[in-house]
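What follows is chain A paired twice: with chain B in the first complex and chain C in the second.
Then we have the complex of A and B:
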């Protein structure tokens, strides 16, 4: 796919997007999400389709080829699937305009979500899609602020909070609480990329007392901590996390001492996939970041890109609209993504 | 120095009571300056040519027994040809940059104020007059090497201490007119050396136990013994300690783990080796005991795979890696944040220990308890290895009640050569100013692992559960009170 000459605007945009991902220029999930939405907008705008059915085919085809290049970017895939669901929903709504929908578990069993009639025309659907995409953009941009505004309910005076990994959401969460409460934050460095340094610098500027520790000191320090608050890269369908490396051992340490683990994330990070799928194993990032390859040429150096945290270790999810336990995540996924009954994957 | 000051003050008060207090103070100050200048010139004239350090009088901070007697005896007890290593001098000069930086930061976080401050941000030798001090050059060398982290392994520090002690005893000259007994004399001479070592770096448990043992032996020297006989005896005891408790202990631990059928271990045979062929073994950091086990295992079983886990800021695992690769052992390398990724492929975890507490807790390099926890979650057995001389009578339940702090500025260094151009965020100039009041760096050195996370403890007394530590201590105490001087082999009940 990348060897084709970029003929259309969409392909140019795609090329740019993939390069930015590779060079790690897109720093936060929000930026990645916004870039993905721009990409979809271009695709919908440029490709030739007349009915909803054709548009769905185009999107599904692009998705398959795109995610062969970037199998680990779950958030991009989520947004893609969200858009597909929106198209299907709109078709269903128009089809069943006069019927009332019983949106319950039993109702879903007896109703067919597969839309038989995907014949919405281009003219009808396009404005709806553009509106839907701008809604997604608004949600992406406002997610961090709405999660942060909930922080005052979870952080109390004179607490010790522990955080780890690079997360814009958690940073905003803590900064918002810092305006109203005095508490202490302990940040783990998170080798090899040392994200903790940046976070601790930003938090200290916001007026918090921050202590920076090494990764190896996590189990030691955590007995003095009241709550652990982390962000995540994405959330699997069973409530498990795809988080920064080191989060699993942090979660185990927190469980050992019975300290609550709170995960702050926007709803768009919820993914209908499971960890057990083979394309979900952690890819290995450049080993040079860990140990210079001049050290010994034939040495295996491992640098996993993410950690899987099972749902039993997570106590609470704070989303932009709701707060749930990991066990309820399935319902949110049901509402967000469409189910294809003839395919074995969520789609 | 302070006693001399007092004398001058009282004499002045008696003779010149007419003058005002301010005048008296001025005169006193002038006199002190003169005395100091005098001392500096005399010291400079007798200084060996190789040393290039400025001479300063012994500061009042340095706790010494008798300032006067030490000055008198120091010239006799030391070798006239003082050979100064050039290495310590170079190190001191480099640290001037560290000195400027670290003095302006107060990086101890409020939550951890009970920890002893990391005091090594000044040059120890600047405050000491090397010529007139009573510190033996071997102890000086050991102290500087510990302070600059050239020797970090607890076994090496203990052996270094014992060999310095050996040389110290050989060089010691007992004056015939001394009022003390030989034991008392040796102890008083030894005290400032040990204080110096403690100043350089707090003593490790292994060194503490060795000191206790040696003091016990010195105290129980027979009264009528001659100087040469006493020296021979002490040197023999030191050699025996190193030979039996450190070197032989390591071999015995090896034999317990690898179940060498040809070895004789009190008639019992451990038929099954704890390491099998095609095993994947996980180790953490650097421990020469564990490295030795792996090297021998490689010689027995050709196909073992070792995963070396490493952590910041010291990256001690790299040393392990170099050593293991020399013996052609198949290795992988990963940082501690990635242990969840590989733990399901690991067969066993072998940890080295710095010390063992009397309540069964294992004191080891920081990060070890985290590895043990993750191993337990994945059902991987954890084996801890420790010689019995490192068993301590202390109790500790977690690593925060008592710990040693490392240099907090180490967190700002990135020793990974591949990323040398990228300094850690906080090390960049615009952000270093943030470190201080609200932003603190914590660099702990030790970790305390609870016994429920350790499956087995291998010592030179056998394979024990962690709860057997007080039993071993009781046997050792009974043994030493019974024999007094010569240690008989420990008989197991």
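Then we have the complex of A and C:
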């Protein structure tokens, strides 16, 4: 990040963004998403392009260099992909309209060629892009609320709900339901970061009946539970989860007792990538988060950054507007992202 | 320099327009010896870290991330190295860097004064040492706090950032233990470094001044804070409770006073992060007070003066956030362990853009290899937390866990490396097993070596094939050792001699058992014994091999015994290498020991070699006298001056005596010393005056016979000063003895001129003639000379007979002196015999 001297606003923004990611100042996926949108806005606003094709080239180039640096930030990449898709869609629509005005028959004939030929001019595309980006921003900002509003359909009176670790979406989800229903929440503390403590005290303040348990007690407790609701860091294209470590064992325990596992997530987290390519293997987090610094350093400590939960353990995804089973996630991905054949790294 | 000047000029107009830039001062030296022996040929701040970075890079990036726009680097040693490094680094372009250096700085205080003299810093700044920490914390909020503080409290000069951390019990570090007493606003009321009891690991009793209660009175406290912290404070206070109760009683302590204790926080658990937010006044204060050498002294000084100057210092406590990291480096051990920790913290070592190129080994966990690194075979299963730099070669079937392998290293086949750090250009042979080992650059480890314990091999070490180490130690080459010694930072022994001997024997045995076959045997070895004692010894084989060829060197190493610096048993079990360092430094004594040993050898052989060392000894001798030296030295100089003047102006002897007595009282010199130095001054006179005339009569000197000159002029002076000499030296036997001693010392220690061959050979010839002359002048009694000579020879015999090892240090020093005298006394023999005969004849 220091190699480039920050000349333009975009580069300054980029530097700031990477720094914030590194220092973990952006503590929720919404914030990361918003920062990424701001970044793209700067890039589109500043770089010189005349046609949609040029803009696409710029975006792809930046995407490549950026995600070599931050291969684990799938959510940022998702937004990037979505913007690319929007440009493609918009240009196709406009081209079609222009063509049909002149000659509808010819236009239909050469439609496939026109799609490739992204010659939409700067002046036309720019307002569309600004509009589209602000739509994404609105979507990001409202995601938590719109997910939470669906909670009443899934949580019923006197149920026992289980969750693990801190997730803003899940917290809002449960709080919303608590306005209309009375239910019990059991929270696993999610060692070693123990953010379960925070969410349980927050829920307690909201008037919920909360029990905090250790991660190791999950299997013992889970037989009493009606529904497991968890958040996730990202969703792979097959419907698998990239979630807090320990979620896999929780999901297996839930499966064992046939308890439904519901995942709350904004659409932003839906990624066109599949698990286990070189970019998204779990990396190891610092061991001093697990052990006190005074501990014997010769001890090997593994602190992986996430768990992969296979899609067959998930029962339902609750997105901003829709609910989907894991087997239908691919459809959403088709809608949201432009999958190109040359980008074989995903498949 | 020209580049820098240009850069300085450019931003100046900007500064007026913009708000003040955030400046930081980064001190590149630690002004200590914590990195010995690694810092012998590289700058401390350029010690490598993982990810192709140095400590300096890491800390500069740390500052950059915290929004620093202008950095002043201050350097004392190795400035060329550092400058070259900076020019090549990429952050050079990102931030404005001023490079300052001064060779003469010996402490942090000196550095601060130097920076103040340059007058470059006008706003508040961040002060940090480049070698003290590794961190990725976010300082912005603390900086804002500091600014806010400066607005509310105009007298606040500094904020110390402290980390709340448990004391590291594995490496008890005496420097790190501080007691900080502060009030609710973080204002420091009392600050003290504590000496840890090595057995119990908690501080001994400390005394706190009563004034902290007064200071606490002055603060306004909100009742909420009060109640919250009362329980806390009570708990923390129980260490000092007795004492404070006593003091409050002393003031007629009311319940009030005791209540206010609750507003004071007593902290043992704070670790100074070595990051300071300073006002520019801080620099001025360092300039005003030349006593301030370290930050500690500064803080204590400011606190003591608080009533006068009103300046205050605050602390701010760093709240650790998710994934924030703070590591303090205050010893080799902590440096090693911080580097090990970084192996597991990819996020800290790599900035995002360099990261991808290290990710070629995706199968294994956290293994990063530069693309140019060459690895044969599939390592994916046997690697974890491994960093391999470019151009490194790794053989087949290697097992690497928690390792850092520097650039251009070569690792053989079937090597097992765990928890190890290997710097660039080192070689490790096939089938070696290394655990917890630190190998510095350009070192060579042979094939089939087993290093189980935690060892440190400094630069250019070579280890023979098949060697096995089981003791924790630091090894370094003799060149480094020499350099260290030339910096006069060598270790000192203070132990009882008997114990030491036994230890030495034990060690010798152990060396044999260990079969340490160290190549070329150019190593100093330090051993950690079971008692937790540190002992140094050279290789026994070494003595046998090379003892004859360069015996002197061998002996000098043998004699450089380390002081037994006791550490608790706990540390010796921990499996970290010990860093050997003596706390006291007493150079002269160790030098004496060296001399003693080399003398012991060389007296049997040739006399001449020992004589060459006389000059050095004389200087050491004066060193040893310590404070006393300064007084006597000035006295000596004054006496010489006044004698010169007296002869030039041919003053009366009465007046000369008065003047000398006056000088004696002025400097507080004992009568014995007066005699001794007066005699010395008289003998010195011819030299002193000839030195004055020297420029004029250079040709004459070259032609003329020097010895005759000296004798002639001395005769003249003696005649003139005869009454003075009679006054001082003929009254008691003691004074006559002193006179003789002074005479002897003078001739032993002086070579007449620097251009003359340094031989006291001639001087002994003088002794004879002089004594003879004295008999003629009748200053000295024959019987006393004979008695003195007997005494000397007796002492000499005694010292010859007695075993060296049975003497304690003091006696050794004396004995070594006597050894020097030996040959002068031998020269005297014929003269004394002649005197005796004379006496008998008279009878």
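Some notes on this structure:
The rule is short, and it goes like this: the second predicted complex is superposed on the first by the 317 of 347 C-alpha atoms of A that agree within 3 Å, B and C clash if a C-alpha of one lies under 4 Å from a C-alpha of the other, contacts with A are read in each partner's own complex, and residues count from 1 in each chain.
Criterion: contacts are C-beta pairs under 8 Å (C-beta built on N, C-alpha and C of every residue); 3 or more make two chains touch, one makes a residue touch a chain.
Quick caveat: nothing in here was measured; it's all calculated off a predicted structure.
Of the two partner chains, chain B is the only one that A:213 touches; chain C does not reach it.
Contacts of A:204 after superposition: chain B is touched, whereas chain C is not reached. Taking chain B and chain C in turn and counting the residues of chain A each one touches, the greater count comes from B. Contacts of A:19 after superposition on the shared chain: chain C is touched, whereas chain B is not.
In the overlay built on the shared chain, the residue A:142 is in contact with neither chain B nor chain C.
Look at A:50: by the touch rule set out above, it reaches neither chain B nor chain C.
By the touch criterion defined above, A:301 lies against chain B and chain C together after alignment on the C-alpha atoms of chain A.
Looking at the shared chain after the overlay, A:283 reaches chain C, while chain B stays out of its contact range. Touch criterion met: A:69 reaches chain C, while chain B stays clear of it. Using the contact criterion defined above for the overlaid structures, shared-chain residue A:245 touches chain B, although it does not reach chain C. On chain A, the patch touched by chain B and the patch touched by chain C overlap at residues 288-289, 292-294, 296, 300-302.
Partner chain B is touched in their complex by these residues of chain A: 160, 184, 189-192, 194, 197-198, 200-201, 204-205, 207-221, 223-224, 245-246, 248-249, 252-253, 256, 282, 288-296, 299-304, 307-308. Partner chain A is touched in their complex by these residues of chain B: 109-112, 311-313, 318, 321, 325, 331-342, 365-367, 369-370, 373-374, 377, 398-400, 411, 414, 416-419, 424-427, 431, 434, 438-444, 447-448.
Contact residues of chain C toward chain A in the complex are 61, 64-65, 90-91, 93-94, 136, 138, 165-166, 168-170, 321-325, 327, 337, 340-341, 344-347, 351-353, 355-356, 359, 362, 365-366, 384-385, 401-402, 418-419, 436, 574-575.
The touching residues of chain A, when paired with chain C in their complex, are 1-3, 5-6, 18-19, 21-25, 27, 68-71, 193, 278, 281, 283-289, 292-294, 296-298, 300-302.
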